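Each in structure tokens, the structures are laid out below.
You will see subunit A twice below: alongside subunit B first, and alongside subunit C after that.
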Partner chain A sequence: MLNEGEIRTFIQGAVHYFEVSARQPVAVGSPYLITDGPPSVHEYTGVIGISGKRKGAVCFTAPRSMLMVLLMRMNETDTSEDNMKDLIGEVANTISGNARRDFGRDFVISVPTVVASDNGKFTPPVGARPFIIPLNWRSHSAKLIVCLE
Partner chain B sequence: MNAVVPLKLMIVDDSNIIRRRIERSQQIDRLRVVGAAANGREAIELFERTNPDVVTMDLTMPEMDGIECVERLVAIKPAVLILVVSALADKATAVEAIAKGANGFLCKPFTDRQLNDALAELLQDA
Partner chain C sequence: MIKNVSTAWTRAQRGPVAFGVLVLLFALAVLLPGFRLAGRLDDTAAALRLVSEQRRQPDIVFGALASVRDRLESFGYVEEPLGELRAGVKELDGLVGKLTADPAAFGTFDASPVRAVQSSALLKVEMETLSKSWATYKEALAPIIEFTGVPYADSESSGVQLNPAGRKLTVEARKALVATRKETPVLVAATARVAATLEADSARLSTYLRFLMLAALTGAIALGVGLVYIAVARRREGALLVNAQRQTADILGTVKEGLFLLDEKARIGATHSASLERLFKRSDLAGISFEELLKPLVPEKTLQTAQRFVEVLWSERTRENLVKSINPLQEVEVSFDSGSGSQETRWLEFDFHRVKNDSKLVNLLVSVSDVTPRVRLARELAESREKAQSQVDTLLGVLHVNAAQLRSFLSDSDAAMKMVNAMLREPAREESAFRRKLDSIFRQIHSIKGEAAALGLGTVEGRAHEFEDALKELRERSALSGGDFLPLVVKLDDLFTHLASISDLVSRLAQLNFVATAPEAAAVGGAEAPAAVAPKPNDPISETLDQLVERVAKDRGKSARLAADGLGTVPADYRRAVKDIAVQAVRNALVHGIEDPEFRKRSGKQAVGTIKVEFRAEGAGGYRLIIEDDGAGLNSRRIREAAIARGIVTSEEAARLEPKQLLSLLFRPGFSTQDVADEDAGRGVGMNVVAELVKEMRGRIGISSGEGRYTRFTIVLPAIATVAAGAAA
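What follows is the complex of A and B.
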């Protein structure tokens, strides 16, 4: 289970990512705990497996429309399906990797896996209940899903 | 007047977006990109083929991770200059990369200016 300081680490990671990469701030909604069933996800989800002293996953899920604009903000002209998947994985990887500033090097992150789905649900790899951190950027909504034992 | 000797740059990252971003954003006149690799194994092959002077190196990659790749590249060419470009923000990882032979560390996400400043610093003694 995450404590307040740990949730703050992931919020700061998301805020920092958008500040630097998109050069536009992201608005963070109130984090909440999923108590019933798996969380719903958007069209693209980047999943980072966590092992070491903590176990679980960190996911960034976003709609195609948001990723398209984010790529353009990064001056990337190739908005192909492959680059959408690459971007969603890279966002998840960057936020997870930055979290090691607070969690330390025993917070071991995997390479990203990417799930593309229209109406999917994310099934957490561990028994811990997932925390959802809602993110709103321009007119788009995304989520950071943090599920750690 | 001394002519400026061009230096060959190889980019290693499993993200195509980051590979393209570094190639597009780097504005160091002396650097010429000679290729890009998506993992450590590809990087070794490309390195042996193109003999770069400078490498940007991700750490979290499939096949062979960046720390092992740094060690292998330095064994092949001790004078190579390696800038690690990684999201892994803990100090211990940066210290390990430097101990294995990297010359600098840039944390993702980065701005164009941060990338160019890091590359310029790397090349100060080249």
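What follows is the complex of A and C.
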């Protein structure tokens, strides 16, 4: 069974990114489960594959509007598709870096891949029930999807 | 393997060396005597040639002497025979001188007749005879040889006459002839003997030399044969070596294990198996240190332990088997970058063997195997064993439960958990919203727990209880945020998984018609329990309550029976709520109301307590649910004290409360008269949940109690349509 500490590590990675890079903290919403079907994702999703002690994936998914504001806040005027992807990849990287530091060799964490889609669904690589952790930033809401078995 | 190759090399080197020594010895054994023999033969030949040349000289000298005398007597020309005589003497003198000279006067490589004489004792004797005879001979000839001048005097008067010198010479010549006539045969014989001895010596030496040559030829043939043998052997050994090397290469190229040697400085040898490169995904292995090999793959601590382990292995005092038992690299998890960004995890097993040469430790042979499939299989096996055990536990936990009850419970619980999830999912950013969530979740979980307890599903009850603990902990926090709900979600996930596994089990058992037969078995097994005496209930709520009474009574050392009535007529819309209320109220009755059997007897009551649960329809489509026990009744003093102790009211407020108000405290959140919370009571949520449920159904609740006699809860529920209308409003 997935333990709380493991999920917290992923949450901390995302929180850390917003604190440091966006210099504005993110509010963690109350988490919940997806009990039926695949979880829905926003326009941009960074996926980190996990193997080792646990198998599955962790995603950070955010809407275009949020990334746009985030880029502006970081004094980045280029809001092209590539830059959006880079940004989401960077958040995912911070999350995976944090996890690597905390979990050590127990978890084998892949380099993030970035997926852009409009109102897509994320199909988890494993049969575990996905945990959704809403991340509210200003008026926007992103999600962390933790699907590990 | 390595040792064999080195032995082969030694043998290959030893052959030629031995052969070289043999050739040297052969050369010394043949050439040195041959050299000496050839020298002696040369000396003998020179001596023999000399003696042979001068062999006739004594006769010539004698003839010349006679001729001198004859010429003197006939007044002939004497100078010619005198010259011959002198020449003969000189030759013989030379012969004797050469055969008796100092051997040192001749060089090593010069033919030396005297060395031939010196080397033979017989020749020495003969030479002595010859020398003596010659000395005598020569002495006799000396006056003649020394003669100079003319022996004649020519005068007119007497013609040619011997002059005095001539006469003396004639006398001497006659004397010499007498002397030499006797000595000449001696001298000739002596010379002949010397010649014969020299010839014999020459023949002997020639024979020796032939034998030596024959021996040399034999030796040379033997050496030749030896040389051929060695060449063949070397060729064979070379072929063996090449073959051994090829076999070694084949083994190293084919073997699955990574094999390599570690020297004393913990460096990897130049040769290793091909698999090693595949296992470590690198090719620069030759010559690198063990540390360099492991560092990128294992944690620092494992690396240090492994290095110490290798050091211990090098210490020959420690027993190899003992050391191997503490091998820290028996199952090492390593991760490699698969190249596409992801990591590949494998498990490697290192095994160490000491390699000794002449009982001296020279290397450590390290074999590395990829044991990933084995480790994965073992883990899967452990997981499946754990899963199977957990399924057996679950199975044992559900076997006694009626199938219909279980299905009803599973369906209700699934709905409750989905409700909890929906509550969690509801967006909330404010404190009050979070607290509302907590309260709603609490009711759902408590309901699951209640029914699980009633059905005796310990594993579910335990999980729900822990869930409640987590909820309680959150409730007590002064500030809440979304992240605080994470433990609840984890527990919810666990509960979902657990109930799914029960559901799966139930479906499978249903296929076997197993669960359906279980209640009968349970009833027979529980024949001693008072509840079992009652007629068998025939609706799921009664059955649930019956089991609850039986279990809680047993746990608390009490005796009680359930008297259920009309529970089979509960409308579907109320079924869940009625069940939750009844479960809570019956549990409260057992825990707080029914006294223990001894106490009851002393109080003049029946030892077995009775809990009545009655459901009936009332006029105008309403319903009435009554839960009544014949226990101790409500104790105003205890209620007051508990309310004060739990901070629900102050002591002043409590003192002012009227009996009816006092009873209403029972429905306040957090109220309980039990000091320590357990799975049945004490958390102070039960009656609050009842009140909330009644409120949700727009019903009313009333309590009446007679101290020492009874407690009765009366719940009045409106008609279903009214509830729906209320909800819609």
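To be clear about the criterion, the second predicted complex is superposed on the first by the 147 of 149 C-alpha atoms of A that agree within 3 Å, B and C clash if a C-alpha of one lies under 4 Å from a C-alpha of the other, contacts with A are read in each partner's own complex, and residues count from 1 in each chain.
Throughout what follows, a residue touches a chain if its C-beta (ideal position, glycine included) is under 8 Å from a C-beta of that chain, and two chains touch if they have at least 3 such contacts.
Bear in mind the structure is a predicted one, so any value in this text is a computation, not a measurement.
**Student:** Overlaying on subunit A: subunit B and subunit C, fit or clash?
**Tutor:** Subunit B/subunit C on subunit A - fit side by side.
**Student:** Considering only the touch criterion stated at the top, classify A:Gly104 as touching first (subunit B), second (subunit C), both, or neither.
**Tutor:** In the superposition, A:Gly104 touches subunit B and subunit C alike.
**Student:** Would you check which partner chain A:Thr123 touches, where first means subunit B only, second means subunit C only, and both and neither mean what they say?
**Tutor:** neither
**Student:** After superposition on the shared chain, which partner residues are touched by A:Asn75: those of subunit B (first), subunit C (second), both, or neither?
**Tutor:** In the superposed model, A:Asn75 contacts subunit B only, not subunit C.
**Student:** Check whether A:Ile7 is in contact with subunit B, with subunit C, with both or with neither, and answer first, second, both or neither.
**Tutor:** The second partner, subunit C, only.
**Student:** What is the C-alpha-centre angle with subunit A at the apex and subunit B, subunit C at the ends, nearest 10 degrees?
**Tutor:** 60
**Student:** So, A:Tyr32: does it touch subunit B (first), subunit C (second), both, or neither?
**Tutor:** In the superposition, A:Tyr32 touches subunit C alone.
**Student:** Using only C-alpha atoms, work out how near subunit B sits to subunit C after the chain A superposition, in angstrom.
**Tutor:** Scanning every C-alpha pair, the shortest subunit B to subunit C distance is 5 Å.
**Student:** Residue by residue on subunit A, keep only those touching subunit B in one complex and subunit C in the other, then list them.
**Tutor:** 104-105, 109-111
**Student:** Of all residues in subunit C, which touch subunit A in the complex?
**Tutor:** 299, 333, 335, 341-345, 418, 421-422, 424-429, 434, 437, 481-483, 485-487, 489-490, 492-494, 496-497
**Student:** What residues on subunit A touch subunit C, complex-wise?
**Tutor:** Interface residues on the subunit A side: 1-4, 7-8, 11, 27-33, 35, 49, 51-52, 104-105, 108-111, 113, 129, 131-134, 136.
**Student:** Okay, in this complex, where on subunit B does subunit A touch?
**Tutor:** Residues of subunit B touching subunit A: 14-18, 20-21, 24, 60-62, 86-90, 92-93, 107-111.
**Student:** Touching subunit B in the complex: which residues of subunit A?
**Tutor:** Where subunit A meets subunit B, its residues are 16-17, 20-21, 71, 74-76, 78, 82-83, 86-87, 89-90, 93-101, 103-105, 107, 109-111.
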